[in-house]
C-alpha cells in the first residue's frame, strides 16, 4: 500500500476519533433503531420479542429526542429556533421526533406508527458535505439532464401507447389499459425487467427490443452527463479546500501568485489524528508532505526530532532512491498537504527557487543523519 | 448552499417567470391531457367519469388547437406556412392536432382514437435547446457508437443461434425458433432479464453467462463513448454561449484577445430575474460576479447603491476573509458572469492589470464603506 | 441545427454515396438473408412460404459467394490467397461461405444447416475502422479491466458457495448444487435478474442484496475504466487522422511546427460529397472551413465563385456578426477541416500572422462583395 | 492492427513467458480445482465420478499446500513468518490450506467441507498490482461514494416503508412486512428486477417507477464518480511507472527537468519478451520506440544491426512517409518506451535539440541504408 493510501486510512481513523464516542453512539443507535423498526413489522412476531423490540424502539426514540433538544438549544438561545426548525438539519430532527408519537396518539396501530421511524435514516445525511457536492452536479448539469428526462418521457408514452394497441387483444390484463402498458414501459426502459408483463407477439417483441436499447442509450447519456459534471465539480471543490491551507504554509509564501495557484492544484489535503504513522521506514515513497497544521515526530537516531507547521518531510525518498529512511508519526491531530511524485517533479522543474530550498534541506538532513549516527548527538535534522 | 448554487436556483426561478403564465398553463394542460388520456383507456371506467374525462380531453385538444394556430399565424403571414409545417416544431403541432379527429372520423372507438393524444408528449421537446446538444453528441461520436451497435448485433445473432441449438430440445416453446431465441438474447444482452425465457441446460447457462457479461461490457463502452462526447460538446457549447457576453463587458475590453479567450473559458453564465438575492451577508463567498446585462442593488449603509452593466461585485470576499459583507439583489432581470475562486486566483496571477483594477476597486469600496458607516453619507461605493 | 451538425449530416450522405449501389446491395442482401434465416426456423412454417424462404436464402448465398470470389481474386492473383484466407476479412468470407453447404452435405436438416447463415452477421464488421479503435481501448486498459474481472470472479464464487449453504435446505432445485448457485450469482451480479432462482431466507436475501450492490459497484468501475480509455484513444486517433491533411493545406505551411501541432488538435475532419450545401445564408455560423481536398462554390452575386484546395471560407461569420452571408456548396467530393469558434478565437489570439491573413482576406472579400453588388462585375472574392 | 496494439500483444505474450511453466500450472490447477469443487456439489453424482473428482480435489489441495510452503519458506527463514501470515498474500495461502481439512476433521460431509475450496479463487488476486490501483480509486473518492451510498439507503428505507403501507393489504406475503418490502426495494433500486415481488396497485406502481428512476440516477452518479477517480489515478500511476525508465535513457539526460517531466507524460511503457517482432516492414507506423532495457535487432541488408539500451528506432516512419522500412525484433526481453505520433510532433516542436538529434540520426540511417544496398557492406545503421 502506498503512502498516499496509508495517509487516507489514517484520515478515516482520524475522522472516527473526531466523530468521538457520542457520534459513534448516534450511528449505533440509528442502526439499532432501523433494524428494530424493520423487524417490528414482521407479523409472526409475538409476545416477549415484540415487547423487547418496542422497548428498544422507545430507547432509540428517547436518544434522538435528547439529541434533537441538544441541537435546538443553541438556536433557541440565539432566538433563531424557527429558522433552525426549517433548516435541513432541523427538519430532519423534527421528522425523527414528531411523526411516531402523533401517529400513536391518533390511534394508529404500533406496527404502522413505528414505520415513521424509517425517517431516522435521514439523519445519515445530516452534516454531510458530500451531499452539497452531489447536489451541485445535478444543478450544474440540470439542462442536459432535463433533456434526457424529456427523452425518457417521450419514449415512455409513445412506446406504451403502441404496446397497448399491439398486445391488448392477447393479454387484456397486462396490456389492456394504458396505465398497465406504462408500467411495462417503465420496468423495461430502466432495464429492471420484472417479467410480470411481457410482450408475446412478434411485433410487440420487436417494439420491446427497441425500448430496451433506447433505455440503455438514454441512461448511458445520463451517466455520461453526470460523469462530466462530477469531474468539473471535483476539480473546483478540491481547489477551494486546499487554497486556504496553502496560504498558511510559510514555505509557499515566497512564491508569486501564479505559482501558488499552480501548486494548489497539485496538493491533496489529508487530516490525520495524533499518534498515527504517516511514513514507515523501508516502504517505497511516492509523495512528500507539508505540515499545514499540527506536528509530526521523526524517529531519527539517537532521539526523535519534531517538525511543526510549515515544515516538510518525505522529500528524501523523492530526491534519492525512493525508499523511506525513517518512521514519521503525528504527535497532534495534523493537517498535511500531500505532493505526489509526478507533481513534485513538475514543481522542481518549474520553480528553481523551491527546488533549491528542498534540495538544500534534503542534503542538510542527510548530512545531519550521517553525523548523528556517528556522534549520537541530538539535533533537529530529520529525514524520511 | 454556496453562492453558485444559490445563483442557479435564482436562474430556475427566472426561467419560471420568463415561461410566464401562458407557458405554465401549457405544461399544466399537457400534464392533465396525458393523465386523462392514460386513465381513459382503463376498461373499468364507466358512465359519468368517462364523460368527464372525455370533456377534459376535448378541452386540452381545443387548447392545443388554439396554441397551434397561434404558432402558425406568423409563418402563414410570412408565407412560409409549408416550411413551418415541416419544421420539427410545426410537425409536433400538427401531430398533436390531426390524428385524434381523423381517427374518430374514420370510425375508431374513442378509447383507441384518443391514444393518439400520447403524441402531445412531443410538445415537451419543442423549443428545447438541450436536445440539439444531445443530438450533437450522438452525431460526433456516430462512428464508435455504430461499432458498438454492430458488436451488439453480432453477439445477438450468434448467441441466439447457439442458444436455439442448445435449448430447443428441452424448451420447444421458449427456444424452439430463432425469433424466440433472439428475444431471449435482447432481453439478456440489455440486462433487462424478464425471466420469461431462461436457459435450463448447463451449456445454455454457460452461454447465457457469457452473453450477460458481453452485455455489460458493450454498454460500458457505449456509456464511455457518450461520456467522452458529452464532455467535449459541453466545453464547446459553454464557450460559444459565454463569448458574446464577455465581449460586451467593458472591463474585459482592455484585454488582448488571448486573455479574452482564456477568461471566456473561466466564466459561467447565469440569468437571474428581478428582485432575487444574489449574495447574502455573512455567507462564505467562493465566486465573484460581472454584470453582462441588467442591474443589481447593494444594501450598504446608509442607502443602497446600484451597479449597472459592466460593473463587478463580490470580489471583497475573494480578496479578504471570504465572508460576504453585504446583501446584493437584482433590480432588473440580469445576466451575470460568475468567476469561481479557483479561476479568480488564476486570473489575478496572470493578468496584473486586471488584478490591479479589481484590487484598487476593492480597497476603494472598503474605505468607502468604513467612511460611510462613520459619516452616514450617501455614496455609490459598494461591497459584498 | 448548427453548421457543424449540418456538415456531419453531409458526411453521412457522402459515406452513403461512396458505399455506392454495390455496397448498399450488400447491406440489403445481408438484412434479407438474416431475416429469412431467422424466420426459416419457425416450426409452424409450411409449404410454399418455406420454399420461398429457402429460395431467398440460396439467392443471398450465391450473392455472398460471388462477393467472396471478388474479394479473393486480387490476393489469388498476387499469390497471397492463403494469407488473405486467414486475415479477418478473408475468414469472415469463408465463414459465410462453407459452413452451410458442409452442414447440408453432412445430412443436417435444412433448418439446422441454415443456422450457420447467422455467421453472415460478421460481414457488418468487415472493413470497419471503428472496431480497431474499440479494440485498442480494451488493449490499453487490459490490466485494470482484468482486475475488475478477477473481482467479479471472486465475488461470484464466494457468493454462490455461501448462497448454496444458506438456501439448499429450502430450495433444493434452485440452490441444491453449486452450478445452480453460480447461475444465480451471474444473473444477479450482472443485475439481469431473471427471477428463476430467488433467495427466500432472510440471510439469503441479505447476501443477495450485497451481491447486487457489488455488481453495480464492479460495473461502475468497468464503465469508468472504458470511459477513461476511450477518451485517451479518441484524442490520439483524431490527431493522427488530421495531421496529414493539415500538412497539405498551404495556408498552414508558414507556421512553425509547434503551431501546426497546436492547430492539428483544434481541427476536425469531415468528408463531404459533391453538390452538398455546407453553409446556408442566414444561419448562425459557429465555425470556419479549410479545404484540404476538393472544391466549393460560393453563390456570390452576380456569378458564383469557386474555391480550391488550400482556400478557406466561413470566416466572415466569425469575424463579424455571426450570420452567414452566402450559400456555399461543394462541386466535387471534398475534405474540409472545421475550426470551431472557440478554437478560432484561440488561434487568432496566439498567431498574429494567421490572424492578419484571415482578417485581410475577410476584409478584401467584404469589400469585393460590396463592390460587386454595385457593379455586378464578376470576381473571385467570396464571403460566407 | 497498429504498431501500438502489436506491441501490446507482445507485452501479453511476454507476461505469459515470465509467468512461466510453474505460474501456468498454478492457474491450471486453480481452474481444475474450482471446476471440480463446483461439480462435486451436484447431488446426482455417484460412485466412480465422485471418487475421481475427490482425487482431483486432493491433488489440487496438495499442489496448493506445497505452493504455500514455498511461499512461507522465505519469511520463516527470515523470522517474519507471523508477519507474512497476516499479509494479504499469506492470508490467501492459509485460507486455501486450512478450512477444508478442519471442516473434514470436525465431521462435516465432504460436499460441504470442499465448499471451502471456493476460497482458492482468492489466489487470482495474489500479486496483482491492478487491485492496488482500483483500491486507490475507491479510497480517493471515498467521500462522494459514501454520499451516494447514504442516498441509496435513504431511498431504500423510505421507499420500502411506503410500499409496505401501500401494498400490504393486497399482497400480505410479498409486502406484509418491512423486511420483505426492503428486499423488493433493493431488487428494484439496483434494477435487478427478479419479479418475485411486484407492486399491483396504481399507487404502488407509481412509487415503483420513481424508485427505478432513482436507482438509475444514483448509479449513474456512482459510475461518474468512479470514472473521474479512475482517470486521475491512471494518469498518476502511468507517470510514476515511466519516470524511472526515462531517467535511465541517456538520450533524455541532456534535457532539463521540465522537459523530462513533459516527456514522461508522453511515453507509454511496454515490456516485450525476446524474439518478438516489434515493427513489420510495410506497415503504417504511428509511433517510435526508445529502448529502456534489452536489445533489438533490425534486419537491414546485408546483415542485421543491433541496438542496445538508450537507442531509439521507428523514427523514420514518423519523419518520412509513414511506412515502416525494416523489420525490428527483440533479441532479449526488453522494456521499450513508446512515443505516439501526436506526442512525437509536439516533442519535435518544443525541443529543437532533440529534434535535431533525431533528425540527424534518421538522415544518417537513411544514407547508410542506401549506401549499404549499393555496397552490401556491413554497418550499424538501421532504419524502420
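Letters are used for the chains, namely A, B, C and D, taken in the order the chains are written, and counting of residues starts over at 1 for each.
The working rule: a contact is a pair of C-beta atoms (placed from the backbone, for glycine too) under 8 Å apart; a residue touches a chain by one contact, two chains touch by 3 or more.
Here the structure is a predicted model, which is why all the values come from computation and not from measurement.
Trainee: Looking only at residue numbers at the subunit A/subunit B interface, is the share used by both copies over half or under half? Answer same or different.
Mentor: Mostly different residues: under half of the interface numbers shared.
Trainee: How big is the rotation, 0 to 180°, that puts the C-alpha atoms of subunit A on those of subunit D, in steps of 5?
Mentor: The rotation relating subunit A to subunit D comes to 90 degrees.
Trainee: Quick check: how many Å separate the C-alpha centres of subunit A and subunit B?
Mentor: 26
Trainee: Can you compute the centre-to-centre distance for subunit A and subunit C, using the mean CA position of each chain? Integer Å is fine.
Mentor: 37
Trainee: Got the subunit A residues that touch at least 2 other chains?
Mentor: Where subunit A meets two or more other chains at a single residue, that happens at 179, 191-195, 219, 223-224, 227-228, 231.
Trainee: Which of the residues in subunit C end up touching subunit A in this complex?
Mentor: Against subunit A, subunit C makes touches at 191-195, 223-224, 227.
Trainee: What residues on subunit B touch subunit C, complex-wise?
Mentor: Within the complex, subunit B contacts subunit C at residues 132, 135-136, 139-140, 142-144, 146-148, 150-151, 153-154, 157-158, 160-161, 164-165, 172, 176-179, 182, 188, 191-195, 198, 202, 205, 208-209, 212-213, 215-217, 219-221, 223-225, 227-228, 231, 235-236, 239-240, 243, 256-261, 264.
Trainee: Which residues of subunit A touch subunit D in the complex?
Mentor: 1-2, 4-5, 8-9, 12, 34, 37-43, 112, 115, 118-119, 121-122, 124-125, 128-131, 133-134, 137, 152, 179, 183, 186-187, 190-196, 219, 222-223, 226-231, 234, 286, 340-342, 345-346, 348-350, 355
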